[in-house]
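The structure appears right after this line, and notes come after that.
First chain written, first letter: the chains are A, B, C, D, E and F, and each begins at residue 1.
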Amino acid sequence: MSHEHERLVIIRHAPYSSNALREGLDVALVAAAFGQTVSLLFLGQGVLALLKEQAAGAPGQKATLPTIDMLEMYDIDQLLVPQSALDALNLQAAQLVDGATVVADDTLPELVQRHSYVMNF
Amino acid sequence: MSHEHERLVIIRHAPYSSNALREGLDVALVAAAFGQTVSLLFLGQGVLALLKEQAAGAPGQKATLPTIDMLEMYDIDQLLVPQSALDALNLQAAQLVDGATVVADDTLPELVQRHSYVMNF
Amino acid sequence: MLHVLNKPPHSEAAAQMLSTVAEGDGILLIEDAVQALLHADWQGWDAAADVSVCVLKEDAASRGLSGAALNSQAILVDMEGFVELTEQHTKILSWY
Amino acid sequence: MLHVLNKPPHSEAAAQMLSTVAEGDGILLIEDAVQALLHADWQGWDAAADVSVCVLKEDAASRGLSGAALNSQAILVDMEGFVELTEQHTKILSWY
Amino acid sequence: MEYGLLVMGAPYTSAAPHSALRFAKAVISRGHQVAGVFFYQEGIHNASSLMTPPQDELNMRDAWIALHHGHGVTLDVCIAAALRRGVMSEAEAKRHGQAHFNLDAPFELTGLGQLLTLQQRCDRLITFA
Amino acid sequence: MEYGLLVMGAPYTSAAPHSALRFAKAVISRGHQVAGVFFYQEGIHNASSLMTPPQDELNMRDAWIALHHGHGVTLDVCIAAALRRGVMSEAEAKRHGQAHFNLDAPFELTGLGQLLTLQQRCDRLITFA
């Protein structure tokens, strides 16, 4: 199977503390709306965006969890998390939203290589 | 001796990659111009601001080394660097501008405590 | 002195903060720093004998870490508690 | 793939980059990443057998690290060399 | 007690303005005064009258203005930091030959000396960055 | 070859615009084309017509405009990112009831789709952030 027009968006920022997470997700959503196949890879602090127990933001700060929940509607169903990223935060896969998939760290180089478009946020 | 109106400005950002370094130095200069006694403490990446071999910035980026060299004219002669910050960058004291003083790490809590105004940049 | 940290517990800012904490100081964790709740072994929890470490409750909740807070020795405070801490300490130093 | 790093060698961004580097990739260090010249033991220097690590010369010079570059196995490139690297690699991934 | 706030983060980039605003309200609700807020570094963007967030999000500038009108909090913006980042008052716009501007009252462009004055005047100064 | 640039750092806050500009010039001097620059996140501040750095410093917006006039480089700015941060064109200002604006030609407000188009059209896309 060719991955000619597949896009990988790498999310590395936590919710609330910057707009990087949200604006990265926006790129993923727009690409999906344009018919591209989009996968998301969550590294480092980005993994925190997948915590399912996130409450609504403090007054005035928009939450990103609703956007994460919306990804499936856009056919973005690959939400990949390396095992080491979970471990570094002492998190268990069960604490993440449904749809998050834990992947082995040694698959990352191949994962990044096989997408024609890769962007870091 | 009272340190009632002494100010400590902590510099933690490297040259060129943000304006944090320069705008932190500006606060130190203005405080000195207002007659306050000002000391500078360089932590982490901030130590790089003291490297004496810095060349002029790439086109369009203003260098901060001339500002460092100017501090003495404002009677800011305490440029303090903890030994561990030097070690973390594999630097020697001889690579720093004249006037930089290496201090032992265990003096930091007392240093921070004894100034009435302490600000991080 | 009250130290207010808003970066993750293993950040450079956190390490810098810990290198300056003195006996009798207080530490308050806000924004990304509330992640310390996930790290029972974080150095900051025992920064010094009489240094209390507080965590801003609403920032822990919005980040999905309220559950982690239950299992921690952290003192949870709300925004009024934050202000109370600044009443108790005459100097406040933010690490970001 | 060419990886372009602009954060210090011991940053999270650097570690994330190294976790994705594949055989045949290239690494270019710019801005704060040129500090890797100070760290002979930085993991990135041996990221993989056939991965070359280049350093942007003018960023090293402006940061006072030209001397460190002399003692390093790094390949120094200027801006034209930067462009050349992007000619050789069809994909470019920036880590910041 | 009197509090002064130093805000160095931009809205929609940093959580700092949000934390600062919530802190200011809590200070007031505990019976203290917020004498002033000084905006420096990226914080100067809080003063932009052109900031137009989506309707379901807080307009940070409006929130600061409400704090000013409700509680007399001064809103000072470092002029040097603001000018280089593209935030200026009508007076500065005239001085620099610009037809447009994006800062007006109750925000005031001022020098860094104002920050030192705020710090000396207040019982507490706290930074949000 | 054709190059596209994605710039996500603000002048005077990040080295990204400076590195991007120097890269763009080197691309051109090696005989390639820079098709366009897309400004996103904090990068949108590069387009501000009110940016007023001290005289001894580069005005980043002017530098981008020179690149546009000299080499036909398009300068696209993400409209959603720009509006929430206070950068808007005259047309957007009218739509939002603002008397002032701080973005004009050759900078263009556009959607994120333009970034994807740039990426597909170009042989190389490189991010400076």
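A few notes on this one:
Quick note on the criterion: contacts are C-beta pairs under 8 Å (C-beta built on N, C-alpha and C of every residue); 3 or more make two chains touch, one makes a residue touch a chain.
Owing to the predicted nature of the structure, the values given are computational and were not obtained by experimental measurement.
Shared contacts of chain A and chain D, meaning chains that touch the two of them, come down to F. In this structure, the chain pairs C-E and A-F differ in their number of contacting C-beta pairs, and the larger number is found at C-E. A straight line joining the Cα centres of chain D and chain E is 39 Å long. One inter-chain figure worth recording: chain D and chain F are separated by 26 Å, centre to centre, where each centre is the mean of the chain's CA atoms.
Each chain gets one centre point, the mean of its Cα atoms, and the points for chain C and chain D are 35 Å apart.
With touch defined as above, residues shared between interfaces to two or more other chains in chain C number as follows: 6, 31, 58, 94, 96. Contact with two or more other chains is made by residues 12-13, 15, 19, 22, 41, 57, 84, 125, 127, 129 of chain F. Those residues of chain A in touch with two or more other chains are numbered 16-17, 19, 45, 58, 61, 119-120. Going by the touch rule set out above, the chain pairs that meet are A-C, A-D, A-E, A-F, B-C, B-D, B-E, B-F, C-E, D-F, E-F. Of all residues in chain D, only 6, 8, 31-32, 35, 38-40, 58-59, 61-67 touch chain B in the complex they form. Looking at the complex, you find that chain C touches chain E at residues 4, 6, 30-31, 58, 79-80, 82-84, 86-87, 90, 92, 94, 96. Residues 16-19, 58-62 of chain A touch chain E in their complex.
Residues 6, 40-41, 80-81, 84, 111-113, 115-116, 119, 125, 127, 129 of chain F touch chain A in their complex.
Taken in their complex, chain B has these residues touching chain C: 12, 43-45, 82, 84, 105, 108-113, 116, 118-120.
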